[in-house]
């Protein structure tokens, strides 16, 4: 349920409605719009009777929200969300490019890579410290050591750090290092983790689950938003289908659909989405042409020796090529890409 | 198996190799390359011993082709195929735009629509005469009557006609009217129909089956090529997945993958691929950015009253908008789009 | 729309309702029930007003049928359909076992196999004459020759013949030989073929398409029923999913769901459903326990040399073992299995 | 890599091989077989050279294990694992029946339900205390309160308790109450949780993920086994496919495939697998006929008022009916079912 206040409703009217909501046992979120205030009601399991609010002073309308997500919905907040990250942001007209290796492999590797990316004009560095792996015997990341290296890379280059948090235990450590916390595809419905990142203030990049519908994905975002953290960035990274020629099926349909349903920014990870480096450039261009707010791309200075995901990583020279093409494409999409 | 001839091999050497192939009970296709001649061997079920050919005069190499498709493979023909359609072609640098209603609904409708599209600079008109429908009670197309209307539209506007052939019985009739024969997704593995369109000369637009892998799709193309018709255009139109927010999941990964594996042109149908008109423009741009050779788009002058697929059809005004955006995008992709 | 007649409605009332239906431009099917007559209306695209019939003499009720299929629906015919095939039938309490090789490979092979199966007490012989194959270079069946061998096998053993018809061209030939016409998974939405088998009188075994929903499958059956052929047997044979450990994912859920929605008999093909012979026995037992009316199983006297599907074929000795287990299971499921 | 020791190899030989393995930086697990000892090597990322072991005294063979899972593999342990749970066990010839409501809703509800189930002869009670839910606004379980009620139900009836643990934070609490810890489908690849349950001693029931391949599922089991907990029970509960007529597609193929690949017991949850109560009885019978070691079934004394999953829950009277049918089926499958 969404309560729309009249344009001239005094603050006391707003407060009275909030009290009413709380008295019914529900929670409420104030959504300051450009013109008017709206109050979202959450915590209700069944329908709420609009009559309960329509007669209160200052109330213009009470709109039942039929979508299962509310805070993530465009009905709730019509204007696009821009997530601030220091002096940068995600979700504005500026295309976001996040690049870097799958895993942090050594101090030298990540600092060198960050330097190369900085020279290319990139502002966000990705790099896995804690790696969720299908096999217990696979390389699981350098963990705490990698976090230190990422911080060193930031100190040296000024790049913002995007890194994955895989459980609540390591959240405090990862949160200290990261500028953006990444939730991986396999953890998209790890609700305890979603609640934990919702209860802290670092922005969250939420990858879509392998077999998550768009609605389930928005519901996962809702967990974070409902926890009090409004800074959620969605990341499409391919879904699981019957096709075996590609690692995943990059679902670019999700870009216009999410933009229709939600105010949250959406970026695309073509590296996992197609899983083979030759496909990364065309799918990056396609993602931006579909309307994505940015890209997350695996770049490795020497893909052949990468400890993970080398097969889908771009060399820096290919990344440069991609950036040149993106710079041509951006203005057509009413986007900027400063380097 | 692919037999590569030496650069200076005389014609008599080529003929001797061909005789050898035939004498072993296989078929052969000559592939004239820019520099050298190659001979493809088909009809074999198991492996062929390269030794059988390596000692023949004029033979440079005998390469086992491990992919199950051969004629569709890039190993077989390295240069991109351009399908000629009268004074137009598909697969060249010129982006192909095929537009029109899902079904031909009346003479007036199709002639008016063709006129509007011609004014927009479009060269290919689509329109269903025979409509395969999930329900026996749904509108199945105006059939033979519609074929006449399509021919009238061509006479009036000069647009090339793309229309679906749904069975071998109506192939002669449809073939007489169509410039390009469309094979629908549900018929992608109707092998009798594939053989029949392979045995005639009109170009064939082969839609990907709902749950066909890229390999199976190329195998379906192989049926047509093996029948003697080299003019096959592939059309990605979305696959079936668990996602229900969209009619299908448009698999744009297929564009770079097909271009890596095959010499055949590939176009994209975003109308079926996303299934809702608001998504057609972004997914059209995405398809071209991914490298597609063209688009097939449902356009209806009055989508609300369309007898089929109105929900996913663009109005002419939106089609115009899309063309303007494509004209900006084309040069970035090294494409032209003359109007 | 379904018109229920009163118990004591005279024939003249029934005829009057039929005339009314025809006068509205619809078709009608009379469904003789145990107690009362019902008249199904088909051919309507939109809703029909029940008021048009409720006032006619002899009419008890006019029930809108919301499912897109009608003739296949249990609302239309509450009692289970039994398909008669000479002195045998499918859909009765007797479990149907259809067995035999994927392809007819020689006269000797099929007659020998038929003899072995007859000794095991099996009544139905399967064997492919025309084989739809993914590759144009794969064995496509012995075609007309195989049809003759199947007839010979019937003459020698008395077994009923189940064989696939893959196009309308060969339908007359196949129909002459077969006791049951099989429509393969890839042809489930080949509507011209469905219409053709609907217009003739041999029973049709309709396999579920690789990615067909249960509703689409029942709609395909509807095409055949609507053509005038009431003898349709459904066959679940596995659907396409992301799982690669098995050839297909046998969807046994389909058995209770189809039995809830439709009166048509449903059998299961575990050979294609799991794709590996060790799994055929457990999945056969599972299918019968789920309520299937029968099984279709690939049996080859020498699977290692089979020209197709050897990997999923049972040897006769394993088939015997399975039959012994089925004979124990049948009474628990209120089924008989005479041998 | 698996090192097979000779039948008469003395203990000192075994120890020498173990030292060699550790000296190479790998871990080892001793697998006491009926006749001979085998040593599994884990922790290696690439291939290990068998030559390193073949010359050591007492070594019969060194077999590279190509499957990515080792401890879960039948190559590793040929005999079926039986998981002891107090005086009961899972994986023996006795069919395991786990029944109870989706969620613990009140002390009265769970104690009454336990009493009814005990009377039916059931030994295991399921009931959710912590409920992972798609929506943050849905009922999330009575949590710690529910754990107390479950313990009370055990005290009163003696039934063993199966309940879900959804994160590492609540693991100590849940572990104290549960006889079997359930890992839900959405947490199948929550590796931190898998490691945590691997490091404690309570048996773990591991549900298959919605879109997990059988191999990924066994890899998830491998995490638990590798942590030191050998007591893992697999639970097939349906996978996500395109079919919408059922909540999930119960993949009974998984039963024979898992039994071929692994020594771990496998049970089936038909309630989630089909998602509608009328289908639960047929799919339960099918699961047992496919070879499952047991069933997990949602039973609610009043499904209409259930706080979750009422639609797929059996009433106690239907559960009784199912048990009667299972008692007939069990002996055919060489199973017992004591009540």
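We just call them A, B, C and D in the order they show up, numbering each chain from 1.
Note that in this section a residue touches a chain if its C-beta (ideal position, glycine included) is under 8 Å from a C-beta of that chain, and two chains touch if they have at least 3 such contacts.
This one's a predicted model, so the numbers in the text were calculated from it and none came from an experiment.
Set against the C-alpha centre of subunit B, every other chain centre is closer than that of D. Chain centres here are Cα averages; for subunit A and subunit C they lie 49 Å apart. The distance from the centre of subunit A to the centre of subunit D, with each centre set as the mean of the Cα atoms, comes to 34 Å. Within subunit C, residues 211, 240-242, 244 each touch two or more of the remaining chains.
Viewed as a contact network, the protein chains are fully connected, with every chain touching every other. In the complex of the two chains, the subunit C residues touching subunit D come out as 211, 213-215, 239, 241-246, 249-253, 255-257, 260, 273-274, 278-279, 282-283, 285-291, 325, 328-329, 332-333.
Contact residues on subunit D toward subunit A in their complex (touch as defined above): 42-45, 68-69, 132-139, 166-169, 186-187, 189-193, 210-211, 216, 219, 222-223, 226, 240. Of all residues in subunit D, only 211, 240-242, 244 touch subunit B in the complex they form.
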